[in-house]
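Below is one structure, written out as structure tokens; comments come after it.
When the chains are written out, they are named A, B, C and D in that same order, and each has its own residue count from 1.
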Amino acid sequence: MSKGRMEAFSDGVIAILITIMVLELHSPHGSDLSTLKPLAPVFLSYVLSFVILGIYWNNHHHLLQAARAVNGRVLWANLHLLFWLSLFPFGTAWMGENHFDTVPTAAYGVVLLAAAAAYYLLQRTIVALDGPDSALAAALGRDLKGKISPVLYTVAIPAAFVNRWISVGLYVAVALLWFVPDRRLELRPQKA
Amino acid sequence: MSKGRMEAFSDGVIAILITIMVLELHSPHGSDLSTLKPLAPVFLSYVLSFVILGIYWNNHHHLLQAARAVNGRVLWANLHLLFWLSLFPFGTAWMGENHFDTVPTAAYGVVLLAAAAAYYLLQRTIVALDGPDSALAAALGRDLKGKISPVLYTVAIPAAFVNRWISVGLYVAVALLWFVPDRRLELRPQKA
Amino acid sequence: MSKGRMEAFSDGVIAILITIMVLELHSPHGSDLSTLKPLAPVFLSYVLSFVILGIYWNNHHHLLQAARAVNGRVLWANLHLLFWLSLFPFGTAWMGENHFDTVPTAAYGVVLLAAAAAYYLLQRTIVALDGPDSALAAALGRDLKGKISPVLYTVAIPAAFVNRWISVGLYVAVALLWFVPDRRLELRPQKA
Amino acid sequence: MSKGRMEAFSDGVIAILITIMVLELHSPHGSDLSTLKPLAPVFLSYVLSFVILGIYWNNHHHLLQAARAVNGRVLWANLHLLFWLSLFPFGTAWMGENHFDTVPTAAYGVVLLAAAAAYYLLQRTIVALDGPDSALAAALGRDLKGKISPVLYTVAIPAAFVNRWISVGLYVAVALLWFVPDRRLELRPQKA
């Protein structure tokens, strides 16, 4: 029951964040195909953020599926993650509207880094509750992807000041890394 | 559990998309009945999109009801569908605000086509997991409606450049085709 | 399962509608108490619509609780209700921003009437599925409130052209009539 | 079932309120770091409201978890709480955009006080239904925090007219007081 409600609340927040981001795609005033052109960077940043939020939802789903229980500490670690995810619409809009300009692109990386750290913290909190011998701890193993992602983001943020496309490339690379759902936590098809 | 959460997340996204579309119905500044008149095309495109999103929700509901299980692949196929559905508010607003002008009407068809293809893909992914001998595969059968819809959309998109009302007519026709919920997947009243 | 998802989707839509209405309460530009004054009619119309949507949610909850099952027909009757409810933010904003002017106040009544009719239809559809001997049919009985409300709305709409406060008074009266949750469907405290 | 749906609806509303507040963080027009500076008070008021809404969600979760049952009276007490919570985005935006000016800061306190009173009322309503000998009544005990918070808010509102930072300090103090989830209601890790 408790776990279910935390999942439902997180689903709600993530679903709303995804759809709020799409509000930045203001329908253009003209009805010409060319009026869509200025929307291209906004659209691309939306696609990137949609995929990243999709990854978070997916991994969150697998993580909670594997968790045995939650407590107040986990609820707050989860709210902490949701806080950083809630800054995605802002970060996405700022980067998209400024055509991936240097500072907004670096700022987007800061949001990504904070969210990745918050996810890591949530995972640690759940594992601590489940115990080091739990199926979850075993399934996560060394958690290479979880450790590499923040490192790549940490590189990407200053890299924007050299060339912002390095940063964007790194953001995309991390997304691709995670695109495959976390097979460690997905042992077999899950029944309803 | 797993299936339930994917359903809940999809419900959340679709519910928000429907209500975000209604935000385009800006309350007019005057309080005269005539001030409602310019809203007519926006309202009509809202009704059309509401019905189409309603159909998606309805069929999604029946599809998931019949599915035995989901896995990571299904989660992504579902997110892919939600991505295209998330462009409905944009497509609807652009078409409505421009009084069903040619390019926006064709663009709306592109969103419809992409969503239909994504739904087909989701269905295939679930059937592949359930197996060719599953009740779901049998219930879907040849899936005529699922195959005709993308064809009609593909016709409707270029048709907008001949006469946009042909396109709108085809969009409405596909909606009517699906309005009746998929009886193949609905064998008997479903208990809670 | 099926019933649960229809409830969840309706909850989502109603929750979003309620919170979307509050977006009309734009925070004023000044920081003086007097800057709140022009918001008064917007706030009052928000309170009225919040209560009415709360009543719908409450009754919907009790109705579905009592229903034995749902089918495709019920899903569409429910979507039809949600469509009219989705026009609440528009109707509320138009009436509030125009200080309960005649035409917007009458238009608000049209939305209320359509929603009441849609609720009645949903109820009929569920009772038809459950059967005339069902507990639900017995509990609803003659359904006086369900029959009086549309009548009062039908009176309130033209009455706005005589004196709009008659209409507002009738809207409030119907809300008070329903404020008490439908005891017919609530026989005892419901366990989780 | 009944309890579950009331939880789901509340989750939906709170999730939307949190994400609606973030819409006030308009992405600045420039792409300079300095363009973020005027957003600081808006951001800080967002953080405060996010934490407070997080506390409400958390406590609501624990309260409902412990409740044995709900009835129509509880549903309305819950809607009453959601009404006051729905004014958070307005209060937050007004306070943030006016850089914690006196009147908006006091007005924010009024919303906090009303929400705290509504929560207290909801709690009383549930305890009254569960009975004075219930586990919930025992767990709540004297409910010191629940009684101190409204007192502190009542002090904070007029204090804004002396020095608004006293008020803000008191709002933060109450949040810190509640930050620790209500251990009275959390006896052990809760399984799904």
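As a working rule, contacts are C-beta pairs under 8 Å (C-beta built on N, C-alpha and C of every residue); 3 or more make two chains touch, one makes a residue touch a chain.
Here the structure is a predicted model, which is why all the values come from computation and not from measurement.
**Q** Looking at chain C with chain D, do both copies bring the same residues to the contact (over half shared) or different ones?
**A** different
**Q** Averaging each chain's C-alpha atoms to get its centre, pick out the one most distant from chain C.
**A** Most remote chain from chain C, centroid-wise, comes out as A.
**Q** Could you put a whole-Å number on the gap between the CA centroids of chain A and chain C?
**A** Spacing between the chain centres: roughly 37 Å.
**Q** From the C-alpha centre of chain A to that of chain D, how far is it in Å?
**A** For chain A versus chain D, the centre distance works out to 26 Å.
**Q** Which chain B residues reach two or more other chains?
**A** 1, 8, 12, 16, 192
**Q** Can you tell me which positions in chain D touch chain A when the two form their complex?
**A** Touch list, chain D to chain A: 7-8, 11-12, 14-16, 18-19, 22-23, 25, 27-33, 36, 47, 50, 54, 57-58, 61-62, 65, 179-183, 186, 189-192.
**Q** Residues of chain A touching chain D in their complex?
**A** Residues in contact with chain D: 1-6, 8-9, 12-13, 16-17, 20, 68-72, 75-76, 79, 82-83, 86-87, 89-90, 93-94, 97-98, 101-104, 107, 129.
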